[in-house]
Structure formats: C-alpha cells, structure tokens
Amino acid sequence: MRISIDHTTRYVYERPVRYSTQYLRLVPLSSERQRVLQWNLDTPATPLELRDGYGNILHVLTIVKPVTEIVIRSRGTVETSPAIDEHADEVKLSPLVFLRPTALTRTEGPLIEFAERHRRRAATLTGLRDLAHAIHERLPFEAGVTAVHSTALEAYQAGRAVCQDHAHVFIACCRHLGVPARYVSGYLYLPEREAAVASHAWAESWVVDRWRSFDITNGRPAGEHHVRLAVGADYLEASPVRGVRHGGGEEQLIASALVAPQ
Amino acid sequence: MLSRVGDRIYWMSRFMERAENMARILGVTSNVVLCSTPETQQQNLLAPLTITGTTGAFFERHEVISLPSLIDFMGLDADNPSSIYGCLKQARDNAHAVRWQITSEMWETLNTTWIDMRAFGRELLSSPDATRFFDWVKERSHLFRGVTYGTIMRGEAFNFSRLGTFIERADATARILDVKYHILLPRVEDVGGALDYYQWAALLKSVSSFETYRIIYRDQIRPINVAELLILDRRMPRSLAACLEQIDQALSRVEGQNDHSAKRLSAELQARLVHGDIEEIFRDGLHEYLTDFLQDMGELGQRIQRAYLGAL
Amino acid sequence: MYDEMYDAEGQARRHYEALGQWLASLPPALLEEKRREADLLFHRVGITFALYGDEEGTERLIPFDTIPRIIPDAEWQFLCRGLVQRVTALNRFLHDIYHSQEILRAGVIPAEHVLTHEAYQVAMIGVDVPNQVYCHIAGIDIVRDGRGEYYVLEDNLRTPSGVSYMLENRRMMMRLFPELFEHYNVHPVEHYPQLLLETLRACSPHGMRDPVVVVLTPGQYNSAYFEHAFLAQQMGVELVEAVDLFTKDGHIYMHTTSGDQRVDVIYRRIDDAFLDPLAFREDSTLGVPGLLACYRAGNVAIANAIGTGVADDKSMYAFVPEMIRFYLGEEPLLRNVPTWQLRKPEDLRYALDHLPELVFKEVQGSGGYGMMIGPIATPAERDDFRRRIESNPANYIAQPTLSLSTCPTFVEQGIAPRHLDLRPFVLSGREVRLVPGGLTRVALKEGSLVVNSSQGGGTKDTWVVA
C-alpha cells in the first residue's frame, strides 16, 4: 500500500539555543519491502548527508546562530509490500555484529532467567515468536512508566512497557541466547485511528539465513503498515533525532505525524 | 589562541587585580572609619559593600556590621567569591588551567600567593594585622604584574593578560572614587574641613596617588582636582584615562576578528577621556558620571567576552 | 634470572663496563645530591602522575632511577625489525576487519571473536583512512625471560602513554650526568616530537599539504595530562579540550580569539566511547557532537583511528603471530608470550589446574589492574580469583610467570637488581619508524614484577648505544 507521511518535529526553547548538533535518521531507504517514491527533509540549515555504520541515511544538522525554535519536517510517500518475509540487507553487514550487548540491552538477574526459558527453540522462527509473545504478555503496553533511557532490565522490572522497551527486552534476550538481533525504528500506520501514524519501534532477529521481523507490541511481524527508517544495535543507535545543545533552558518537544494511505 | 585559554588568562589577571583593589578599598575604609563619629560609622562601613554590590551577601552572614566583620567578609571569607581570598583562589585556578600557556614564573607567583593566603588564619584581623595583610596583597599583585610584564612573550597571552588587568583596574578605580560619594561627613559645615581633607587624603593614598597629587596640585585637596587626577590624567597609572589607553592598545594588538564591537567601544571610551572636561563632569555630577562609566565598562567587558573569549 | 648489566658469572657485560666503572668511582653523597636535584627538577616541570583510587587525587612524582638501561645497537636493530613487522601486520589486520574481512573468511581468527568484540566499531566498517593506517602511535611492551630472549608482553594501540617520560628522562640524564655521555655514543631520542608531528600530518584528510593538527585532551585532571600538554607544546600545536571544538558544515572547528579555525587532524588521548556523545556514550562531556560524522565523511583525521581497541586486548594478542604470517607471509621475529585463552575450555582447565604457577590478566585490563600473579598471591587471593575466573572465563587469559630481566637500580639499601620492561613507541605514517629506545619501567619493590607507575613503579632512561 501507499503511505504518505508528514512528520514535523518541533523543539521550542525557553531561551535562545546558541549552538546545537543533531544526528537525524528520518529518511527511509528503499528495500525489497518498501519503495520510497518521494521523500523530503526540511531543516533550518543545510545538513551534511551520509550513511552511518549500519547503512542508515544519516543527516547531521548543526545550528550555529541563536534560535528559540528548531523545526524539522520530514515527509514523503512510501509504497510498502505486504510480504512478511524478510530480505537481505542493502549493506552486507555480518549479523554477528548484532550479537554484542549494549548498555540498553544487557541481560542481568531476572531477565536472564526469563530468557533462558526460551533457549531450546531460540534458533527457530516459532521459538522467537513465542519469546515475543511472552514478552508482550509479561509487559503490557503502558506509556509513562519507563523513560527514554530505561534499560531492558529496568523495563522488565517495571512490568509496563512501550514499544521501545519491548524491542530492547526482546533484543536482550535474543543476544543472550546467541541470536543476532537488532532494533528497528520507523512508522506504523494505524488504520483504526484516522489518518494517524505513530513513530514506532520493533525488532529483527537473524533466523537461519535472513532477518525476520518482530513487532512485539502488536504481536505480529512487520507488514505493509510498517515503514522502516533505521536499524541499529538499540534505540540510541537508530534514534530518529539525537542531539546536543548549548543553552536554551527548558525544551518542549512537539511532534506530529500524519499519514494518508492511498 | 584558543578562546578558552584567552578567557582563563584574562580572568586570571582580572582576579589578581581585583584582589589588590579589594585591599585598597578596605584600606581606605579602615582609615575613614577610624575617624568616624558614631553617627557616621555605620554608613561609612557600608560604603565598600555598596560600591561592590555585596550588601545583601554580607548581611546573610553577619547580623551587625563592624570593621572586623567587614574585613572578614571582604578579605578572608572563602564563601564570598569577591573576597580577597576568593579572588586569589580564582586567579590561581585560572592559571592552573593554562599552566602551559603562561610562564612558569607567573604560575609560581600565583600558586605561592594562594598557598600563603590559605595559611592566614580566619581570626578577625586586628588593625595592625589588617594593614599588613592589605600590604601583602598589594605586594603580591605588583609581583605578579611585574613577572608577567618581564617574562611573557608579547603575543595573545600578553594581550589578554593586560586587558584583564586594566579592565579590572578601571572598574575598581571608578568604584574607589565613588566611595567618597557614599561616605559621610557628620555635618554640612564639615565640607572642606579637616575630616573632609582626611577622607580625601585616605582615598588618594589608597590609589597610591597622594604624593603625586601634592606635586601636581601643590595646595589643599580639592575634590575637583582629585577627580581630574584619577579620571583624566593619563600620567597617573591608575587613572581611568591611563587604563583605557592600555585597554585600547591591548585590543588593537589582538589579531583579526569579524567582531569589532569591543574595539569600537574601547576607542570611543578612550576618546571621551582624552577630550574630557572636569568642570563639565562635576557640573553633571561626579557620582552620575562614575555610574555611567561603570555601566560602559560592563558593556565593554561583555563585548570582549563575546568577541574573543567565548560567550559561554 | 637474566640481568641486564651482569652476566651469569657476575661480570659486567661489555656495554655496561663503562657505566660500572663510573658508578664505582662516584662518591655516594654526590649521587644522593643528584637524585634530589632530579626530584626538584621533575617537580618544577610538573611531571606527576595522578593515581587512580587515590581519593585526594594527590599528585605524585613518578620515581626516576638514574641508572640507565643500556641496549647495544645490534640488539636494538633486531627489536626494531620485529616491532615494525608487528605493527605493520596489526594495521593490515585493522584494515582487513573493517573491510573485506579476509582473515575471518580464511578461518584464521573466529569471526565471532572479532565481530562481537566490545571494541569492534560498526561505525568504522567500510571507512577508508589515509594510508590505511589505523594505529599511528603504538606502545609495544617488551620483556626478557630468564635466558635473555625478548618477548612481546602486550600491544597498546589505543592511547599509549609514557613517551613524555622517555623524553624528560633523557634531558634529565644529560643535565645531571653529562660526563657519562662522553663514555657512550647514545642514539638521540629528542626528535620524537618532530617524528610524531610528521606522522600526524601524514594522515591529513584529502592529502592536504598544511593540515591543522591538535592534541585533544580530557583536561588537567587526567592522569596523563602532563604528557598531552608536553607533546602539544613540543610539536607546536594547540592543546584542545572538547569545549574548544565544534562541528559545522561537516567539518571540525575550534574557537579561537581570532575566530573559528578549521581542524584537520586530531591526536586524541580520549577513548573511543567518549569521542562523540551523539554516536557513542551520550553522557560524555569529553567529546565533540558530530565528530564521527565528520570523520566518516573524510573531513577530519583522527589518530589513533576509532576502533583500534579490538586489536590490542589480551585475547587478540594470541593471534598476532598468525596475523604476521597471513598478511606478510613472514615468520614473526618477536615472539609472543605463550598465552592460554580461558574462553577455550581446554585452556581454562589447564589454567585452573596450574593456578599457583601462572599470571592471570583481564582481557580488557590495563595499568596492571585486574591481574593476579599466582606464585606470589596469598591462598585467599587465589581462591577469590579462581571464583572470578569461573564466573566469567572469557574475560581472562593466563600466561607463564616470566622472570623478567633485572637491572641495577637505586634502592634504600644502595644498588640492587629490580625487574623491568621496555615500551618502544612505533610511529606509522607513510612509513613505520621508531626512535631508538623507549620507556623503561622498573618495579621498585624487591621481587615485584609489576612495573606500572600507577602501582608504584618507576622509570629509567633507555640508551641504545653504538
């Protein structure tokens, strides 16, 4: 299906920000599963464009004049395929690099026990789907309990999670069981909510010879409602906007995303 | 030179100069208070706090003002960043951060000064002790300036050091001169009398200008002459005119930059002093003149910070 | 036990004869006076070492021993050839694992061992660095065993330190004992900063002719700050901290009093994880946001390159001889110390069975921390370490206890033999070069094999003599 997305991220500051640098991963890549028909990124200054180590499109935005507002607008149209079977990467990265634990995806204490229960069938697709399901059961979706920097263990112990946490817990367990796993950031079209798209996170694991997707929050693989933006070892490495600033005081983030399926 | 390094060198010099001027202010005050009547003593003790804007901070720590508690607050209080103690510490800490960009003699001078400062007891200084302490501070400041002038290569480090010293000195001299505005004579009839003379003499001595005054003006101390000497006379190293001359020269030596706002303001302020008329200044009010001058210096300091030293 | 100065019959080796005679002729009072003079001079210059774990962060002098360690030229030539060979192979390895990974495909090193390594940087995959050099400055630790054979103990490829002591020690010796230099033709080391600057300039991006080089330091509270400042001064380049640098238009600039100045080469003395808070540790205040992007875009050079850490930990050390064979088709000139990798079950078994005889080290440890020397540990220490190993075997390696060579050293009772090692510094620019010698570190406690200054070791001047 064709999905048009118009995503504005607006930061408003109490005092002028003298300087800021951001890494933006807001431009999707075409792949076997999605074709980018048209995409545009509007930023207050001309960004540097390159690819990061994972092959994601990365824009580096630096603002060197004082501003009280930063508006980034990312919009375009993507054609997604309904196929749920995954594909080989555009960048030929060995899946082994996705075995390394990161600070957000370490298994410790109770999380180790939880992961161990799924060891027997960890190398199979159904085994991993069961793991995803178990996580979904164990951690019902609820916003506001965990924070943006919550680790997998913290989310697991909190008992409530958002999609980012679901992905982290799943990835942590997979890696512990020797299964390469990675974080995917992107958009999810929600037909039940009129013209709505949400920034979303899910995971992919390497099964036998290819990457398979797991949307733990929604209990299904990624499908034609998912638009992928970036992959990485965890949220920090795939995040849509990651920045540092000098000055500004209090920051207010207003994000809005629209979608129009066609 | 890196902005951060320039900033450290500038502030290292400013804080050392500030320490010296604190000692001078306290010296004047001690002398004036000695001859105060009970009615005027309170006001005279408040004068240095007023001109340094630290009245509020003082009364957070002390209930009543007295000479010993004033000296403690402005001289020895580790929690008061503008005290002599605080200034010497900051001078030394700034130097430590740029030890490699200043000469070892400059570093050792500041470091030894700081080590000796810490060895001073916190007991409220008695009058002779206090005077010795103030003299020691002035001596260390002279030494630092001399060592700097005598050892550092004439490059940006030298320029920013001189800039710091003279920006601070101009500011401090204006404040010291303004003290007289705030210290009282018990009765209107006292104007021009012995007490008045004593206060002006104390002020002149505090900026090492008493003998010079006598040489230039010969006769009795007249306020207008004191003001002329300390504001307009370029021959007097502590005068505002002499300071601005040094500031302007230092800025002119600082290398290329897109932002000329600091240089423009400094040239303007210097020109005003070169062509200044003391009668006019007195007619409009010395206190008002000095207040405006301090505001201009504040603006100049900010422009220097923005243009060269990083506005962080 | 091999002594650098005395042979098995107690006779001074030929290259130490003159030194022996000179030592015998010196009045003890004069020596004592010279030692105090050295202390004073070192203090004035500010060569101190802030010790980790010391709560007050007190600065302490690294003890400098005035008896030099002497190496005859022929021995040095051999060491030199071995070091050039080794560092060349290491740089080839780094290029390979971040590109086509031939050595992994060939099965010489298990792919998982490299690709899942904590220090393997995905950000470097496919990045082309100037001259294909990743490690521009390497510190290779060399020891001798009881028969006087040289071995490589450890490779340091991230931010090796100590070269400033090498330089200051030489200056100190020339100042204190000029007469000694008349008896020996000592190869100079003073040109190291010049060589280092050339090496840094050689990695400038886009091959530009007059690159702006800076030394990036964590700041004055870092234990090696003296060295950062010293090298910057000797090379005539700016010493910068994170706050001085910023990203703009894909390049790195520094704030100066005369405006923004572009930076082309950064000699960084900061670990990878702290270099860019937008790419690595986000709590880092020591790095520059945007630096990684500028680096990937080829607009700034970083020495040593990001990602060298994968090659210098103790578990990769065992593969270095294989790297030399694979990339250079040569036999290694310098030998590795035999190493058991406890992530391998058979090695683990052997090591635990022989625990009291072996030296154990953490794979990612440094500075002599996280290690245990079996023969001198107490039973309690051994038990504790055994438990640590068993809980995480992959984190440890074991090596036989080498009886490091000794050298006469001033101690409280006079002069006595103490164990030492050698750290030569290998510079890789357009060619691989060394200054003759390096930093000799000596354990000051009798019988101690721990030479690290952070644990109370000292240093000596190192002479390569013609």
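The first chain written gets the first letter, and so on, giving A, B and C; residue counts start at 1 in each chain.
Please note the rule applied: a residue touches a chain if its C-beta (ideal position, glycine included) is under 8 Å from a C-beta of that chain, and two chains touch if they have at least 3 such contacts.
Bear in mind the structure is a predicted one, so any value in this text is a computation, not a measurement.
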Distance-to-centre winner among chains (Cα means, whole assembly as reference):
C
Considering only C-beta pairs in contact, identify the chain pair with the most of them.
A-C
Can you check how far apart chain A and chain C are, centre to centre, with Cα atoms defining each centre and the answer in Å?
40
Take the average of all CA coordinates in chain B, do the same for chain C, and state the distance between these two points in whole angstrom.
50
What whole-Å value do you get for the distance between chain A and chain B if each is reduced to the mean of its CA atoms?
59
What positions in chain B touch 2 or more of the other chains?
312
Touching chain C in the complex, chain B uses residues 1-4, 6, 96-97, 99-100, 104, 156, 160, 254-258, 308-310, 312
Give the list of chain C residues in touch with chain B in this complex.
44, 46, 220, 229, 232-233, 238-241, 243-244, 254-259
Of chain A, residues touching chain C in the complex:
19, 21-23, 46, 48, 50-54, 58, 60, 62, 64, 93-94, 96-97, 99-100, 233, 236, 242-244
If you look only at chain C, which of its residues touch chain A in the complex?
101, 111-112, 115-118, 120-126, 246-250, 277-279, 282, 289-290, 293-294, 296-297
